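Input: structures, listed below.
There are two complexes below, and they share chain A, which is joined by chain B in the first and by chain C in the second.
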Partner chain A sequence: MKRFAIIAPADSSSAARMLAEPHRAALAGGVDLLDTLKQNLAAPDELVNLKALGGLDRIERAPGGGLRIGPLVKLSQLAAAPDVRARHAALADAANAAATPQIRNLATVAGNLAQRPRCWYFRNPDIVCLKKGGTKCYAVAGLNRYHAILGGGPSFIVHPSNLAPALVAYDATLTILAPDGERQLAIADFFTPPTIDPRRENILTPGRIITAIEVPAPLANAGAAWLEAREKQSFDWPLVSVVAIIALNHAGVVEYARVVMGAVAPIPWRAPAAEKILLGARLDRDLATRAAAAALAGAAPLAHNGYKVPIAKALVRRAILRAANLADEPA
Partner chain B sequence: MARRVTLTLGFAGGTREVAVVIPDAEPTPWQWGEKFSVVGVPTPRADGPLKATGRAPYTYDVQLPGMLHGAILRSPYPHARVRGVDLSAARKLDGVRAALDRSGATVRFAGQEVAAVAATSPEIARDALALIRVDYAPMPFVAAMDEAMRPDAALVFERGSNVAAPIVNAVGNVAAGLETAAATHEAVYTTPVQTHVSLETHGAVASWRGDALTVWCSTQGIFGVRDDLAVHFSLPPENVRVITAYLGGGFGSKFGAGHEVIFAAELARMAGAPVKLMLPRADEHLATGNRPSSSQRVRIGAARDGALTAIELVQHGSGGIGGGSGSSGPYLTLYRCANLRTEERNVYLNAGPSSAMRAPGWPQGCFALELAIDELARKLGIDRLELRRRNNPSPVRALEFEIGARAFRWNDRSRAPQSRGPLKRGIGVASAAWHGIGASGPQAQCVALRDGRVQVRIGTQDIGTGTRTIIAMVAAEELGLPLDRVTAEIGDTRYLFSLPSGGSLTAPSTTPAVRQAAAHLKRKLMRLAAPLLGADSDDLIIRGGVISARAAPNRSLTFAELCRRIPGDSLAADGEHVPNYAGYSLTQAGCQFAGVEVDCETGIVRVTDFVAVHDAGVIVDPLTARSQVNGGIIMGVGFALFEERRIDPQLGVMVNPTMDDYKLPGILDTPEIQVFFVEVANGITNTGVLGLGEAVHVAATAAIGCAVADAIGAPVRDLPLTPDRVLAALGQA
Partner chain C sequence: MLPKPHNPDLSDNHGAEPASDRRDAGPRLTRRSFIKGAGAAAAVAGLIGVKPGPAASAVENPPPAGAAERIGPGAETFTLRINGAPRTLTVEPRVTLLGALRDHLGLTGAKLVCDRGACGACTVHLDGAPVTACMILASDARGHEITTIEGLGTPARMAPIQRAFVAEDALQCGFCTPGMTMAIAAALAANPAPTADEIKRAVAGNICRCGAYPHVIRAALAAAKSARGEG
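Right after this comes the complex of A and B.
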């Protein structure tokens, strides 16, 4: 691991300017950063300590019932905040399921979005894979039980963030600060699929930092659910996670539907085909099952990860029904 | 000089009188109904507060003046000739004080040692590794057993085949046994390579003074490390001192001086300064041992009444470049069967070497055999527990089955209707066995100090099970003292010899030596007390730290008062473990019941509850014993559900040598565990204590495997029981 210095920016703009230099990296919670330094995935000379910036670690209620979340808010803080629990429970649940209590006390919201994938080829310091400028994604012909079943290629990583699918489902907007100014970005546009650039997972090229995450209020009659399947119950990464937001009218007909999956694709994976099936139809278990099948219709599993397809289907169905507060009883 | 004593031996299921001839020096073995005052009382481990507050000095914590830090460079190739190693750039790095290499060697697994350096900081040492230039000539490799068994496979060693000669055990006639069976079953079961993942990695701190070497080492056998180092450096053993004050786990992987220990000592000698070399986590997975894989073809048959007529195992297993992958133990032990045959073959691979791991071969064998028994029970239409009872050779286990079935509510639960939803519940039971009877060799010294304290000094080490605690308890019991007067001084080769802590050896081997030493010390102390109390020393008794004459109990002396009369500084006596007596029984049984909940749509298994019933002779400390059972079960959960060393077929390297990707059970994965002990007075030593470490782990994975098959109505015959396999068994994936 290369020796580095920690430098403190005076304000957000100077942080963005400092980070425009490629020999620097951003330090927030430092959780994944430390891993990437030890795994030779990054070798910065200087870490720009974003924790020196004030005011970025708050959760505020925005007009209209939305949330404005500072990028340095800790996962534990997000999970426990009454304002988040009240209107954006799926986001709070997603935060609460990540990692361990110790890590959630350090890890930040922006860091969770920007963490690098967990692929064991990518993380191995001895292996130069496609994501590290090599020619080959070793997962294709290798051990790929945890890899992508949707949207894969040329890299088959899965996006590791628990918050990402929840924020996509809630239509969050990110404020991105760069040396040339600030802009707002729909979170769906934050993520970079490997077809565009397999070497990164998002648009945070040097000099860009997240300064705010805004989450609009969901429809008053909408319910949400966050579900995950993971092998271990203590400290594990999901095999599949699903966020569903569903609003029904008085007749039980779906007025609004959002279905987003995590850990199945290189980016958080929205399922518009599932949403289309749901919209305008009376929600029952059968409809949810059909929506789940549609969500996975495009799945293209590798040799060892086909089992994630039925898991994802089950979780999509369950999340839809749970979001609508309907029982998941077979007829 | 020996005497003949008649002992009452046995257990709650029956006792009998057994005549035993014991040497004069020996105290009379503890027998059935023995009245204890310290032994048997649940006692928190002596070093618990030190460990919980981080003050217990592990090898990792040793800091010496001028100490350097070592690091090891490992091969990224699974098979290569090391044509040359250029250390010059590494040596020139500021802070590097010594470097060595294994140029000319052939590396046979990714992670094998190629070079090592010592530097003034761990960071510089790691930087120096990056400067070492190695000229590898990569060679073809084999990473999987089926591949290695092909006739044209690349060879791991320069000899004709990767498959070793079979080891065969046979009694009776299996073919005839299967012929007469009313039901038979045949299937292949597989288990993966599991690594030990001791929380404290392997490593040592080595320090030379002239020709004398002192090594602080994370080892489960200080004398083994001493002897290995003495041979390596051609030193008399007394010139090597090995210290293991506290040990963060071993599980069989920390016997002897491994490469990291030898390298620490070599580098320290080259640099003329102490060297600390503790392995990083990844190295621990790659190179310090593992439980071999297995592929077990089982054929089994039984008569209509359930009596087993044949058991056959044809097994292949791989310990990487190591051997010892056999899993026949449970097949030859757990059930009565007249026609038995096992055939085991080790298959060599370009992968890290196996080493002993908690009941070598047994958890693998138990998993396959017990699943096969369940599959046979279904064909016979006999309750799975009942089938085991009918073939169980052990009267102790018969009682254990009864206790366990009641606590687990086996009958109710096996009749409970399955839920309609995707969550299915299942139960399983498996038999355990081991032979934790100890071995001779250990000697102990008991020392009364003038301030009224007693120290027990013995060259054993506490692998984490509570050795310090039970040694002090045994001595306090014999000396008639409250436990707080007695401490155990262990973990140093300057004390008298003891065996390595493995194979469930420690408690049965050390406690008889400790008790004999305490008995000898008591005799000396009573001789000192006799004139003070005006009585014959044979008439004195000591209870609760007070000495009095049987005839005149009103005249007494406290132990502290007596110790002040010790001439000089202390009074010492030695004791030894004499060869075991025949006693009541040399076998050790046990059984475990597991409950699981399986989500049939996700394939995710949760182990909900366990009942474990075990025997280990006299249970010295029920609290640390229970803790050991918990550990054995939790380790079994890991083997059942999560753990597997995964080697990429393209590169021949382990892809999951991290705590993130190598999945271990955490607290949320830990079931509710109920523990019961069946006390057995066996009279095989003066304490009759047996070891517990292996017996409590043997059956755990098997019980879970049986419970999962019960839950989903189909066996999953391959470990770990991951969602992909569970769904495949359900026809879902």
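Right after this comes the complex of A and C.
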């Protein structure tokens, strides 16, 4: 690891101004940052310690019943917060399933959203892949069992954040501070597909920091479910994760549907085709199965990751039924 | 930095070696104390020729406008609260808490294994919560209460979880044991009556290559029971 200095910024606008210099990097929980520094994937001269800024580590109720989550809230804090568990259970579950208990006590919400991908070609310091300014995504013809089945190309990473699909499903809004001021952004617009720029995963170009995450209150009659499949059960990155938020009317007809998948695409992958099939129809296992098929209709697996397609279909079906509190059993 | 004075509470092979086997009456030399001493000597040798950090770096690189503090990149002196006492150390900002504990403070109970937060062998408590000491910078641990395995108990005065590990034979090679016990100690403090599943979740971030997990879980449940006065 290269030597670096650490700066404590006096206030958030100073932090944004300092981070506009490309030789600096933001230090929050530091978990993914230390990982990339130890792997020599990043070599900043100075870290700007965002923990020096006060008040960014709280979860507060927002007007209208939503939540205002500070970017420096720890994953363990998010997972345990009664306000989150009560109304945004899928977000709490996603936080609780990320990494290990020890890492959840260090890692922050904003860091989870902004962490770099786990692709083994990207994480290998000796490989200059497309994400590191090279010309080639080595996953295309290489070992790609953990890579994208949807939305891939020219890079085939999968987005590593557990929280991202949940925050997309809950229609979260991010507050982004830059040297030229602050703005609000729908979380769906935070993620950068590789077709726009394969070298980054989000809009956090130098000088931009997340200062708040707002999650609106879900519909009163909506249920949510977060499910994932993993290889290792103790802790692991998911092979596929799914968040479904479903509201049924008194006749069992779907009046609100959100289906978002994680670990299948370079960005959290919403499935509007599945939502369209669900809306206005009476929910049963058959409808959920058809919605799941629609969610994966565009899947284009690589040589070694075709197994993800049936896993994703099963998880989408189960998440839809679980969100509506229906049993996943053949009629 | 010189090796720490020998602390009888932290000695190696505690009670394992009969006094009559000792070859001389001088200070007891163990494999661990030898390696610690050699490591400290090497660390001192490695510092020769390095400019003193704070003053030099502050002159060459003044803090940018809007900075309340700037440390490094040279070594800086600061104080951490470890096992209830202040400990002052001088390290570069890139040194992790684990590096500070092991290489600068002689606290080698937390183990360096994966160095990526994936194995749990370096688990310590930060304000009572288990964290991987390899994934936090030492300077970020300022202002927090740090507890290491050395602060949990000693061979003479073991914590309930340490006694239970011995009684339940919850280890083979023992390398994961400090991290395992720290993870479980934090879990038991938060939940004095855990189920086996809750213990499994508490040690989900601790890897044991020997596969002593069933004994680890038994030890955790036994420690919880004895702490509740049911043991």
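Before moving on, here are some points about what is shown:
The criterion applied here is as follows: the second predicted complex is superposed on the first by the 331 of 331 C-alpha atoms of A that agree within 3 Å, B and C clash if a C-alpha of one lies under 4 Å from a C-alpha of the other, contacts with A are read in each partner's own complex, and residues count from 1 in each chain.
The rule is short, and it goes like this: a residue touches a chain if its C-beta (ideal position, glycine included) is under 8 Å from a C-beta of that chain, and two chains touch if they have at least 3 such contacts.
These numbers come from a predicted model, not from an experiment.
When the shared chain is aligned, chain C comes close enough to touch A:34, but chain B does not. Touch criterion met: A:5 reaches chain C, while chain B stays clear of it. Contacts of A:14 after superposition: chain C is touched, whereas chain B is not reached.
After overlaying the two complexes on the shared chain, residue contacts for A:175 are found with neither chain B nor chain C. Touch criterion met: A:101 reaches chain C, while chain B stays clear of it. By the document's definition of touching, of the two partners only chain C reaches A:51; chain B does not.
On chain A, the patch touched by chain B and the patch touched by chain C overlap at residues 1, 3, 234-235. Chain C contributes residues 57, 61, 63-74, 92-94, 96, 115-118, 120, 123, 126, 129-132, 134-137, 139-140, 183, 187, 200-202, 204-206 to its touches with chain A in the complex. Put simply, chain A touches chain B in their complex at residues 1, 3, 118, 120-121, 123-124, 126-127, 138, 141-143, 145, 229-236, 239, 304-307, 309-311, 314-315, 328-330.
Touching chain A in their complex are the following residues of chain B: 76, 123, 126, 420-422, 599, 601-604, 606, 641-642, 646, 648-651, 653, 655-656, 658, 660-661, 663, 665-669, 722-724, 727-728, 732-733.
Across the complex, chain A meets chain C through its residues 1-11, 13-15, 17-18, 27, 30-31, 34-35, 37-38, 45-47, 49, 51-52, 76, 99-103, 105-106, 234-235.
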